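Structures are listed in the sections that come next.
Two complexes come next, and they have one chain in common, chain A, joined by chain B in the first and chain C in the second.
Now for the complex of A and B:
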């Protein structure tokens, strides 16, 4: 137990760092910045996201074409990994964050790039959106409440376990949070492109595979915003005025990985 | 401008503008501005058998199968329920329909209403009256309007309708649940009641395009001539296939 708590603290610290990184200053997109972003995009992103950002780069025609998820279609202008309410568009920081961190198993992180370059590519990606989704949204208010103040205790994990079943996370993620849903086939979960969701996509016991980040703050974000384009719904309204329960649940999910975390 | 999804267009529909009762009243009399279209949509054909869909989980609440019958025809009048009428292309609305609230409720493992009509600017209140989780997932093409968890005894979830369009309403937990939501950026639309009747008020005079949509009977397009003042009756008979 002690060891596990230690590992959780490390995750929390890393999470904090990532968040502060994201709040870097952003430059106004001038034509030069967008041109620079395009050069970077053409060099490093086209292979997966395609020339027009439709998610139809050559990579889509290899293994990736038959399994969800495909590289995101930027022309839709809606993002899975966001800080905003379900159905809303994104903040520029959201794009910056995912480009920096990548998507484990699907997209490499570009953390090695100078920050400026990452912002330039953000500016370019936004030009690929349909016109009605170019504006910058505000993050959900719960993110402004600040960092969590629910201590990580055995009681908190137990309360989180109860929330897991009360809010029926098991309906999709299974009793053991490994995607172990009886009659999984009949469930027929699909993403927006009609591609099947596999039980491994639903495994919450392996933080290495968490696309939206495995830090406590990241998981809190996933619960609040949901993952647009997939069945994962936003629980922001369910947790409204009970944000503590969300942190208990985050503790429970982290406890499932039994110290196998990043 | 709202467009119905591509679907077979029926050219043989019988559309009877049966009576034009244009009555002229002095403006000082009227609180109502513009004219009114009233009418009924009917169908005399045979009704296809209802669909039986298997329920994949929560049998205690949803049952083992659900019955879906999108074509509901009133026996005595032959009026068709849940037909959506849209009068298109009117530039400056003469009336503001109150920008009120519409409900979309998960009840008995179905969406109520199954076919909903809303106006941009209205609030859609998402509710769950079932004793278990639903996730209301509303999409317009590739864009998501909302995907929210509706937990047991959860508070209602209000969402502002911001864009016109044809939306599909689903619950990923219960894949057999299907509904539609159609949002308009003008007030000149209606949905038929249990006897197939509808009423659209406040129309400015002119010759307007109208489209009439039913989930399985299809789309009919026609034109209506609206007088300066008064009531036009438009009755539409869907052709039997």
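Now for the complex of A and C:
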């Protein structure tokens, strides 16, 4: 058990480092930067996201075929994977993070691009949103995840398990968090494109299911922001006065992913 | 009645497969062979369904196993040598087992018969796997890739390096030129690559050196000539994939998209003559291919390829005769829209420098057509239909053309594990005759294709 805690602790630290890695400085987009971003987009992204960014590229159908998720539609300007509150827009860092890390299972990471190029693609992708008014908005408030105050202990994991059931996570993710809901009413769930989506897509025991990242900070972020366009809601309000419970839940979820359920 | 039994059985199994697959069950994200494991994505990121590539997968292949548009050197998973783990090794290794569990063949005329060559008999047998392939491939560093395919043919008992090459990519500037050196399949970048078909090659029946049943293969890519020999005297089977569509020839080729995604060129030079090492005929074979692409949006893509393969003294028409030059020309095309994948090829083969004495009895031109449609009926069920026609060339007394129709239902338990049932029909069986191309009626096959 002690070894398990050490392993989880290492994951938490690495997760923090990964988060910090994407906080790179971007330059103000110029026509040249956007043009460079378009070149890269046309070489790499067009096959899934399409020439206009509608998520209708020539290879987009095959990723999940008749099920969610499909490639993101950049013209809508809504992104599942954000660091901002539900209903709020995304930050440039959110886009940068997805380009860098990919979406496990569905989008490969483009970490091989120089950092500068990834920012150029961010700049170009933003232009595909027809009503892109981000520059007129106030600076977006992101969740300050920072350093967690809740230590990783057996008690924390147990409390997380109780939170899991208290907030009825099992309704979609199942009693064992494997998406194995017996009567499976959740089969009727759909995403914002009308594509059927099942909790097995959110199988918490499969690291590839952590589409928004498998580090502790990523899971915490998913709980707080929700995944817009999917049935996964934001629990920010629920955890407003009980942020420690969110971290307990994160610990519980991480404990499931090491190959041995509770 | 017996002749319909396989068809009835096939229909029942097809209905069963469709029924099973109609239960809602979503695809699971799963990393499978080496590249999927390495990049932590489902194999359908690159494949329509394995082994067919989608547009993204085609560009990944063209770029020397680097993400399209990047020169990342496969940076994901790269570590210092001392930090390597077993997981890292599996990022470079994969294997594939495939074949038919059940094979049922039916013939119009069974032996013994004084006028029937060989020993064709209706029969059903078991046998799986038929082919084992061990792959290793990926990137060594930025713009340097490699690929090795060690294939063991279980019925034949042969193990061979079916393909093995390394690549230097993005020479000059991005996508200007990618160089392949080694033993490779020349048609890999064309609209209809030989090695990426949903209906697998089915080996022929040969008894005591006599052909009882023709192989079930893509006729467009076949040798097409009856009476050709390799330069060492080995007969060239008319149904064997050859020249531009050979599964493995040794040489060098270059491809690129210097003007953008819409245009691809490829030129190559090979030993030719099916010679792995050395080149006994000295003059090389060479080829050129161009491909035009439309792949932008609307879940749609289309492309068309035209190629010419020029053989130089790469075959014989009789053992004691001088060499002939055997060349190949053709077009192939692909259209994909959502769940539908249509592809086909029309290929003409031509023999030149034929000795005058043989000219009257040898047809120097042959052609073949292969057209296939794959439809992803559900996320797990792929239905395929393929038509093949061979207008054979070679010695007039020997040649027999044929036309085949094949139907297949392939059910993917996971995207890397597929079970299939298939029925191949001889469309020219009504013409009768005792040749293997006419006597064969149909084949019913049940098999599996596993890739890990």
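The criterion applied here is as follows: the second predicted complex is superposed on the first by the 237 of 262 C-alpha atoms of A that agree within 3 Å, B and C clash if a C-alpha of one lies under 4 Å from a C-alpha of the other, contacts with A are read in each partner's own complex, and residues count from 1 in each chain.
Following the convention adopted for this analysis, a residue touches a chain if its C-beta (ideal position, glycine included) is under 8 Å from a C-beta of that chain, and two chains touch if they have at least 3 such contacts.
Here the structure is a predicted model, which is why all the values come from computation and not from measurement.
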Taking the superposition as given, does A:76 touch the first partner, chain B, the second, chain C, both, or neither?
first
May I ask you to decide whether A:102 touches chain B, chain C, both, or neither, giving the answer as first, second, both or neither?
second
Could you look at A:127 and tell me whether it touches chain B, chain C, both or neither (first, second, both, neither)?
neither
Between chain B and chain C, whom does A:171 touch in the aligned arrangement: first, second, both, or neither?
first
Which of the two partners, first being chain B and second being chain C, lies in contact with A:52: first, second, both, or neither?
second
Per-residue touch tally on chain A - higher for chain B or for chain C
C
After lining up the shared chain so the two structures overlap, which partner does A:196 touch, if you call chain B first and chain C second: first, second, both or neither?
second
Do chain B and chain C land on any of the same chain A residues, and which?
187
In the complex, chain A touches chain B at residues 73, 76-78, 86-87, 132, 166-168, 171-172, 183, 186-189, 192, 226, 228-229, 231-238, 240
Within their complex, chain B touches chain A through residues 54, 56-57, 132-133, 135-139, 142-152, 154-155, 157, 159, 163, 172-173, 175
In their shared complex, at which residues does chain A touch chain C?
40, 42-48, 50-52, 54, 56-67, 102, 104-113, 187, 196-198, 200-201, 203, 206, 208-209
In the complex formed with chain A, which residues of chain C make contact?
24, 26-31, 39-42, 44-45, 47-49, 54-57, 59, 66-76, 174-175, 260-261, 295-301, 336, 338-339, 376, 378-379
